[in-house]
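After this come two complexes, each holding chain A, first together with chain B and then together with chain C.
And now, the complex of A and B:
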């Protein structure tokens, strides 16, 4: 399943929707998206992961990059489940982001 | 299973994960173990491509074997000797640090080693041999 990504930056909030398989080959696209939304200096980064089926460490490293690039923004991870959620927890990332099942749009 | 041999490119990670999926399906592993094994193989292969061959190319071979109560996925490469088991892994303290204080390295090997039931490495004939093993559910 190939990787899909879409971005939507509005006011103080940047939204990125991730789908498919986020491996080391796809991670640069995610990193580019972070750089793209960083231009708008968002206060919140909302990552929709409902459709993300695979998450490798390269994707986790982009989350670290996002924190460095965007500074002290609140990072929300929406809809992650199963093994993707398990990877976030195993690596301790769940302590640094807001994990939610859904997000008011 | 027939051995998969692919050029060491990140674009071939999908093929490696698909091969692992076929092997895991043939072995009858749970969905959870399948994912963990795919993740482990993906992380080891990524490490080989990125650091072992340093992006200069080479080949990775992947072989799946069902033996008794276990499924083994073996990845081989001809890069410089590297035993993932000696890589310093993130400690509990590291894993609880906020993102801004996180070190970038070590996460991939950590996920690979955590995800399988047994991980072995040997250097053999000028090759790195990474052996990932999961135990299969016992049939009633």
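And now, the complex of A and C:
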């Protein structure tokens, strides 16, 4: 399943919607998106993962990169489920983000 | 500025390559590609084999010497990628997540067929795992039936090593302050009662879920039984009825790869992503450190999973048999490990590999220390003779990266070398004190004339470790090898029938006592006595100078049904039943408070041995007593002592402590010495009393009414604190 990504920066909040498989091949695209939204200095990063089917270690690294790049920013992970949610939990990343099923737009 | 070494010089079947770097060994991510480097002194020919993840057929096989194409104009060109005895090559533009790799090797030396003795065992038809592989697949899901038709069973993978440590570093808890909890990764949470989701049970991430339990118990160090990649299917046997495993290599004392964490111990193992497995373990270490708990690894460098001349070719023997293994003149493997082969640890190449591995675990995983299985083997020369000044042990002791790591030896081997008290220490090595274990067990069960031996244990075994101090002594009553504490007080004999060797395996000298009935019983008096003996044992352990180690589950009376060698069982025999925590809550409470008592009193945690000199208003740091104050009986069943100050003679604000251990079957009155500084005695612990009067939380000890004498019940321990 190919990787899909869209971004939406609004005032203090940056939103990135992820879909498909976030593996080593797709990770640079995600990283570019993080760097792009970092320019707007958001206070909150919201990652919509409802349609994300797979998260590899390279993708996980970009999440960590996001935390480091954006500094003191709250990161929300929305709608992650199945293997992606498991990956977040087993790797311990869930402890440094807000995991939510849905997000009020 | 762009590096100039990211461009290929050669092309082979479309793969763009250039000469690599010989160091570091293994597969290393470099700008633009992956550097592959492997040593072999006796191989003349080597091929790098690349696979897509899980594929049986290679993606490509790239020789380290042969005809290639020039990268710029595709003209034929000769190439050889080798430095000295190291084959090295960088392959550019590879997807490291989806990649597995192997080597094939051949030599002009005469090779030996499987089953025959011989010096060299090159076989160019075999795929060989990299000894420096940082991740190894093939056994990604615990106990899953292997595809035996796959010619590459243990598959080297690549690891991206940029973990986010958030400032974590080794804790460097002083050795004398350590309380070690020995545990098996899978056994700790695999039981359904653990409450961990089934996909996570038995893994690194599940241990993370149980950190609050460890913290509440009060231990500040976990010692993990082997987590280097091993093959749980080695010597396994199927149970045809259940279609499960009747026996398997459960404990894991048989290393496949020294640099790779056991993939099947990761909840992320089934993802077949080496980096993910590494991250899961690193995350566990980070979380443990955040909670003040160190991690020691039980490491097995004495042999590998390749067995003797009948064993499989996984890696080492196909790469350089004569370097990696101890061989006799006929080419048979020396067997000081009892498992078929012996790693040639004092060969300079192998010595460096061991050092590199430990440095890697310390640097990349922030591991706090290592316990070396059958460590005496590491002190033998290539022909098996014990060395007076073993280079490997010395190098480990003085290594800069390992400088703050705990180094603990199991100071014996299967070849008959027994070095408890005499292991080459270089001021750094501690030992599993097997003599302490035996003395406590014998004193506990009431063997005659053991009070003198017990007095040595209490002091941190100065008879063994004079000049090295008490921290050279890892004190324990039980460990993975042998009875659990519950079985120690429930069985006179081992009951190893489930192991399939007609009860021949396992130790016979257990120094155990069943308290009147063999195995489980409904007899109330016997069960009460057993409960008391367990409390006595942990009290003796926590009151002794040195480093106490307890076995997973002893704090809740875990039993292995009298089996003292459960190396092969992936079932309830080895899984910790968490329901025992409620059933044996009083024992858990006793363990917890006894550990807390040790932590609360620095006089129990000395770096140096007591000097038997006056230190506190005329009182010695440690003074000895019996049923009469100041009159110890060195050949009896009872021992009492008073700690008035630390070994350096300073009180450091601590309270004097008096301990009476009565291992006689009847109650005995103990005349109490007057405590220093006009203080008065308070009761901390009395194992003859039922819970909760058996032990009081540190700081809440009630005063004694009669401060001149104390009646200690039969087979009981009493602890008083002067306040």
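We take it that the second predicted complex is superposed on the first by the 105 of 105 C-alpha atoms of A that agree within 3 Å, B and C clash if a C-alpha of one lies under 4 Å from a C-alpha of the other, contacts with A are read in each partner's own complex, and residues count from 1 in each chain.
Basically, a contact is a pair of C-beta atoms (placed from the backbone, for glycine too) under 8 Å apart; a residue touches a chain by one contact, two chains touch by 3 or more.
In this text, all values refer to a predicted model and were calculated from it rather than measured experimentally.
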{"item": "First (chain B), second (chain C), both or neither touched by A:58", "value": "both"}
{"item": "Chain C versus chain B, contacts on chain A by residue", "value": "B"}
{"item": "Touched partner set for A:91, first chain B, second chain C, both or neither", "value": "both"}
{"item": "Partner chain(s) touched by A:68 [first = chain B, second = chain C, both, neither]", "value": "both"}
{"item": "Partner chain(s) touched by A:21 [first = chain B, second = chain C, both, neither]", "value": "first"}
{"item": "Shared chain A contacts, counted only where both chain B and chain C touch the same residue", "value": "23-25, 56-58, 60-61, 64, 67-68, 83, 87, 90-92"}
{"item": "Interfacial residue positions of chain B with respect to chain A in the complex", "value": "10-11, 13-14, 17, 32, 35-36, 38-39, 42-43, 46, 49-50, 90, 94-100, 102, 104, 107-108, 110-111, 114"}
{"item": "Sites on chain A touched by chain B in the complex", "value": "2, 21, 23-25, 54, 56-58, 60-61, 63-64, 66-68, 75, 82-83, 87, 90-93, 95-97"}
{"item": "Chain A residues touching chain C - in the complex, by the definition given at the top", "value": "23-25, 56-58, 60-61, 64, 67-68, 83, 86-87, 89-92"}
{"item": "Chain A contact footprint on chain C (complex, rising order)", "value": "95-98, 160, 162, 164, 199-200, 203, 205, 208, 266-268, 271, 273, 275-276, 279-280, 283-284, 286-287"}
